[in-house]
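Across the two complexes that follow, chain A remains constant while its partner is chain B and subsequently chain C.
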Partner chain A sequence: MTSTTTKDLNVAVIVKLEPDFSEGNVSYNADGTLNRAETKSILGPHSAIASNAAFYAKVKYGARVAVGTMGPPIAESALQQAQLLCDADELHLYSDRLFAGADTLATAEVLKAGVSKVEGDGKVDIVFSGHRASDGETGQTGPQTAWKLGYTFLGHVIDYNVDLQSRFVRAKRLISLQGFYDILEEVEAPLPVFISIDPSYKAFFNTVSQRLAFEKYQKEARSRAENYKQFLKVLNTQQLGIDPKLVGLPGSPTIVYKVERIPKAKASRKSEVIDGANRDQLTRVAANMYEVLGGMVIK
Partner chain B sequence: MMSKYQHLYVVIEHEDGMPVPVSLEMLGEARRLMDGFNKKYSSDEKVVAVVLGHNARKLCEELIFYGADAVIYADNPELRYRRNLIDTKVISQIARSREVAAKFSDTSEFVKPRYMFFGADSIGRHLSSTVLAELESGLASDINKLVIEDLEIKHEHKTKGQAMKYEKTLEMYRPDFSGFLWTTILCLDNRNPAIEREYHPQACSIIPGVFAPIEPDTSRRGAIVDYVPEFDERDLKVRILDRKIVKSAVDFDSHKAVVSFGKGIKDSPEQNIKQVAELAKEIEAEVGISLPISKKPFPVSEGINSTYMIPDRVIGTSGRKVAPLLYIAVGISGAMQHIAGMKESGFIVAINPDENSPIKDECDIFIRGRMEDVIPLLLEQLRKQRPTIEVKK
Partner chain C sequence: MEHYDVAIIGGGSAGLAALKQLSNLNKQAILIEAGKKAGSKNISGGILYSKKPKHGKTFNVEDVYPEFLQDTPVERRITQYMLHATSRDKVFTMNLTAAHEYQANFGYSVLLNKLNGWFAKQASESAERQGGGIVSGVHVRSLNWQNEKTVIETDEIEPFEAKAVIAADGVNSELAEMTGARAKFTPEQLYQGVKVIVKLPEEIIEQRFGIGPDEGAAHLFAGDVTLNHIGGGFLYTNLDTLSVGAVYHYDSLMERPSEPYTLVNALIKNPLVAEFIKDQVAVKEEIDKNLPKEEQLRTRFAVSKLIKTWNELRDSYHSRAARKKLIESGKYKSEEEIRARLDYVQNELATKYYTKFVTDYVELEYGAKLVPDGKRCAMKKPYYKNILFVGDAAGRGIFIGPRIEGLNVGIDDGVRAANAVARAIDRNNFSTQFMGESYSQSIEESPYTRDMKEIDKDYLKIFLDAAKDVPKDIIGQRYGMVFRLMSSGTLRGLAVGFANILGYDKLLPLVESEDTYVQVPIELAEKTGRQVQATYEPTIPTIAQRIAQLKYDDDRVSHIKVLNPKSEFMKKMVTLCPTLCYSMEGGDVTLQHEACIECGSCAKETEWRHPRGEKGVIYQYG
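Then we have the complex of A and B:
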């Protein structure tokens, strides 16, 4: 049963079912590429962090939480795993053969339509997404969905708080300027916002009431996830009200033209091979190391 | 004949006028590509740098030296620091402005840029996404090779199965997460009448540290075009309250040596990571990892997990680029992405049981053996020869 009561805060999480890269589950081909057929799938690790961020909104602000994913029927397992993490009140699977082969822009079109189908006429205050998927790794789908929704996009968020009275969110962002330094930025924006959660996000609960809410919702999440199908809605192109020309392969500006093995680069250094069991040779290597480090060897 | 789509626009990142390295790298590659393009097609399309900022005119001049034919510069106090919303609006306006393009080219037909580059970093990754969502065109991320070609394409949707020629198509090469596969992404117009649609610019984000900037040439001249951005209150609704520089707990830059480990730790991960850490401690090195390790593929204790198997330590195109005096790669096979992050190191030692690993061609000394066996012996030698510091009186 899904609740339709209006909450002070409505949040949604966008998640993805991804290959499980952990030991025992991931399988590589002899050439080092991923063996997709043999690799299990799970809720992606960044999706899990985004789900945690949504759970924080539930514990701290009593938010209503919806989780959505685009994928084939099997992707509902990602929704179940996310529900266990964030005690979702509503689960959406956007599933249609027409969605297959979508690039990030065509995926964003589906997710935008999906968020607008969240109960309460899609009046979602905050949408959370993970930093990037561990298989596709583009990191583009979140911000593109935000832009299509017309939500203010805040990326690399490591902490956030909401002022329910003023309807503002305050967020800390960690920005890495490659070649320079990292910047910790604190920003403020009116709701609604789209937050892409940084991998270093950690939720903190610091009051007794929050601790109690945490335990209560965690317990609720376990029982809900056991019966996740009661919370699940499956929506296709027609139900989402999307123009089929904008989704899947027809709606994707980009195509994958070819996939090839990266050719072995020309040797950039000529290495000397040392036998790792030979003490004399290693003596010389150790001396070499100190030499390049500029250490002075005094004998 | 003029085209609706012209030029290569490069979105520049900088901090108060100091260009982030990837900006100059993108300009370098843009210069090389467009020189080839103009020769091949007997045309005169430009490399155009796009700069948003405040008091950054000097940077604009520098960008010409680094290969830009023209710079479009939007100067406003509100544009000093990067904010996705306002930046996306302004960059999209610039990309659609025929008036601006007319300042450096014949633009009677101009609609949008032909190509567009962004840096694949914290800022550019998101900015490229929202700009291309606004411009409704295709975007490929994390590119490390680019080619412009005339291609014959036969595609179920794009061409309705017919073979068709797509001229001046940007082939965008993207290494996958394993580092072993290259995927070529194309951004193509839909010519199938049922879904007909034009997709320009062809855009991508470019991995930092891959392409070389050109030698700056102070005799190069080009137009600096001032653009007065149009925005209102709603575009400024994100307020920056505080902004400070932070030092990462992982500090590669102030260490003379880096010891990195990869999937080769697999036989006894916990023990092996401790060994690597001991080796690092002995030579006062910072510890790095390869990208797969950050995905936590092996079960280890929580302490080891949270100390070492973290994204902050990743060296390579998905992480940091380092150039210490000494780099030791332990159990790292040498995927291209990792190499890109450490190849500038002074002296490189690899410890690996497999002589066929690509790392063998990227190091100065290749120690053949399992890390379990090699590190204790190497530590023994390092301790014997530990240098004493001479104190000058």
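Then we have the complex of A and C:
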């Protein structure tokens, strides 16, 4: 049974504070753009899933977990929420006025530098990130950070296991290929790797010891998150040791011209209200279904 | 395969006590509980007793959990214990506080979600220090033996091994069934308990029942509220709720089936009970359908929100601790200010939205469970191979007079089983001769086992004393004679001694009869009872409304399989299932399992399993 956090496996999670798009929390300006001031911010849903994946490494392998985010001081709350999910041992906030206006490439530069600052000489075996952010990100930060770190990139991962002896990771990826969706690909890669977690990922703990460890670390996570500042390091450009030319607006080659609102597609379906007590109407529905399903109905 | 010294199956009060005791003895143990959290599957009446036996020793709650008396994860210390004989609007009352206090250090009203939740917290913290703990949301499916060790298979996680197993899986023990350690309980050995939780603000409870902040009342009912079944009703005060329920001999219900909820309803309709549970309730006025849609919607939200505020504020206003908290938080400056705000909200509701404030009562939760009658079904040798059975799983419930004791018995069993297992670990001997027998012997020495076998003449005297003022002639010739005879100490000693030699169980059909539970109380109430009038008519929720209020984690697959859809027993289940899961379809009994609250009433003639991990009903109060 794993009882203490071992140094056998070091993982890091990259998270993001995002607007809460759930009903009742989100607010839009008159022109349809997001009203950031009025909208509550939370740990992004994809970041939460990445945190869950890191927690799996903690429960199953006793991994040490670090969480990092780039953003203004309020992004601290994303770190706190992530810590609650993954019982992080270390929290990083990469915060500097110079980072403003960063595109994915410039962000990747900061995150790469951040990973190298993780305690223990930045020897991180697995970096987890969400599939993408929900507030207008393109899903490129992950691969770009992996590339800058020189880590093998594994995208759309829905399950993974680590062989601590041979230091290999075996992962299941959900991919689509030539019009086929949901193909499961199993890959093996030597550590270190960069894993972007698929939204459908769900951690499952299937032994007694894992369930016990789960309870224990969850309890620890609750008490740690209450005192998250004790675990927090705030790092600026200089502390991260990055060339200012590579970050923020100067380091961002992307030009966003305008984001178009996608017009709502016109529905071609017709709907009709059926009275469940009316036998004739029900018979008609059954007949239609039979027709549509082409005799596939068994009974 | 993972290996553990001890696996405890079931996280009710009995299993949790076993875990805590094993950890206290520095032994590693894990506890597997099917519910999402310990406490979410358990239901009681209930009063948790701490026993002070005349002979021998019991392991009480405060012995196992030293923090119990400081943390008091309980509701109220019961200081008043009244028995009411009812007949329509007549009630004859006897004070039985002496029976409640008999051989007891204390008795607290409890709600099992909170109580077992607290037990679990204490037990898991101790267990973790020994490398064990609680695994919840896991349902044990089967057991096998490989080289003396038990392999435990579950629906959720990989199999694991244990040297010793403690079966604390309740009255519908699957472990007992799958091992054949005991036969399924029959209706004669069981009671069916049904109860509802009623909401009532803290200080209103205190005023109404004439009790102080640290006090509680218990009221028992017999007579016409039983609808001629053998058993009775109860009402216990919790901190800011009441537990109102009915416990009946299951064979009595089998004989003349009544829907279980009608028995609770009969109790609620009794004028004394109706007056006990009444409260002020806000009733929404129909929204004017002629208003524009948006306006209707806006009004509906506004009213719901205001009523919620009114309820919360009112609960706080009538609670010492909550009032203090509101003032300390700076939200209000004084009690008067809270009162003023409450009046304002009420006025707003009444004048702006035409909300009516009426006298009625509010139910929060409906639940049911079978209770084993230890006198008739306690396992003689509560073990099988390396499995020790505790609590309800071993059939060890006590019914003496109106007192029900299962929680405290389960705790005592749990400790005894833990002690036997700890010794077995020390000697590395898990054989039936060593571990099973030493547990069985310890159980035999438990004062509770004696309570299941013998009538205690001193306890009996309390009842006779309480009935002293009853004119003997009105209880009919037969009973008058018995009363007169038993009132003499010598004769009573003789009679009880004789009865005990004859065998308690042989005497039971006489003691536990329709006469004692129904006819005598009715006669008493009719002839000497005072008249009680209800000032309102309680609006009793329908069973569908009660089910709708419960929380479930639905499972697609049914955990119960009907074996013979034409059997007489199954036909009776159409009436006796507390949530009406059974119905007749063309001569066959069919089951819709979704509303099942896992009471076990249908277990005897079905393939009965607890739902898979986390699935099924989730009690908020218990």
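Keep in mind that, in the parts below, the second predicted complex is superposed on the first by the 239 of 299 C-alpha atoms of A that agree within 3 Å, B and C clash if a C-alpha of one lies under 4 Å from a C-alpha of the other, contacts with A are read in each partner's own complex, and residues count from 1 in each chain.
One rule holds for everything that comes next: a residue touches a chain if its C-beta (ideal position, glycine included) is under 8 Å from a C-beta of that chain, and two chains touch if they have at least 3 such contacts.
Nothing here was measured: the structure is a model prediction, and the numbers come from that model.
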Partner chain(s) touched by A:229 [first = chain B, second = chain C, both, neither]: neither
First, second, both or neither for A:188, with chain B first and chain C second: first
Partner chain(s) touched by A:215 [first = chain B, second = chain C, both, neither]: second
Contacts of A:207 with chain B and chain C, given as first, second, both or neither: second
Which superposed partner A:170 touches (first chain B, second chain C, both, neither): first
Partner contacting more residues of chain A (chain B vs chain C): B
On chain A, positions contacted by chain B and by chain C: none
Residue numbers on chain C that touch chain A, as the complex places them: 2, 4, 30, 124, 128, 131-135, 138, 156-158, 160
Chain B partner contacts - residues on chain A that touch it in the complex: 21-23, 26, 28, 31-34, 45, 103-105, 108, 134-135, 137-144, 146-148, 152-156, 170, 174-190, 196, 199-200, 245, 249-250, 252-262, 264-269, 271-277, 279, 282-283, 285-290, 292-298
Chain A residues touching chain C - in the complex, by the definition given at the top: 1, 3, 205-212, 215-216
Complex contacts: residues of chain B adjacent to chain A: 13, 15, 18, 20-22, 81-85, 88, 119, 121-123, 125-126, 128-130, 132-134, 136-142, 151, 153, 155-158, 171, 175-188, 190, 192, 194-195, 197, 199, 208-209, 237-248, 256-257, 266, 283, 292, 295-299, 311-312, 318, 320-321, 325-326, 333, 335-336, 339, 343, 346-351, 355, 358, 360-370, 373-374, 377-378, 380-382, 384-385, 387-390
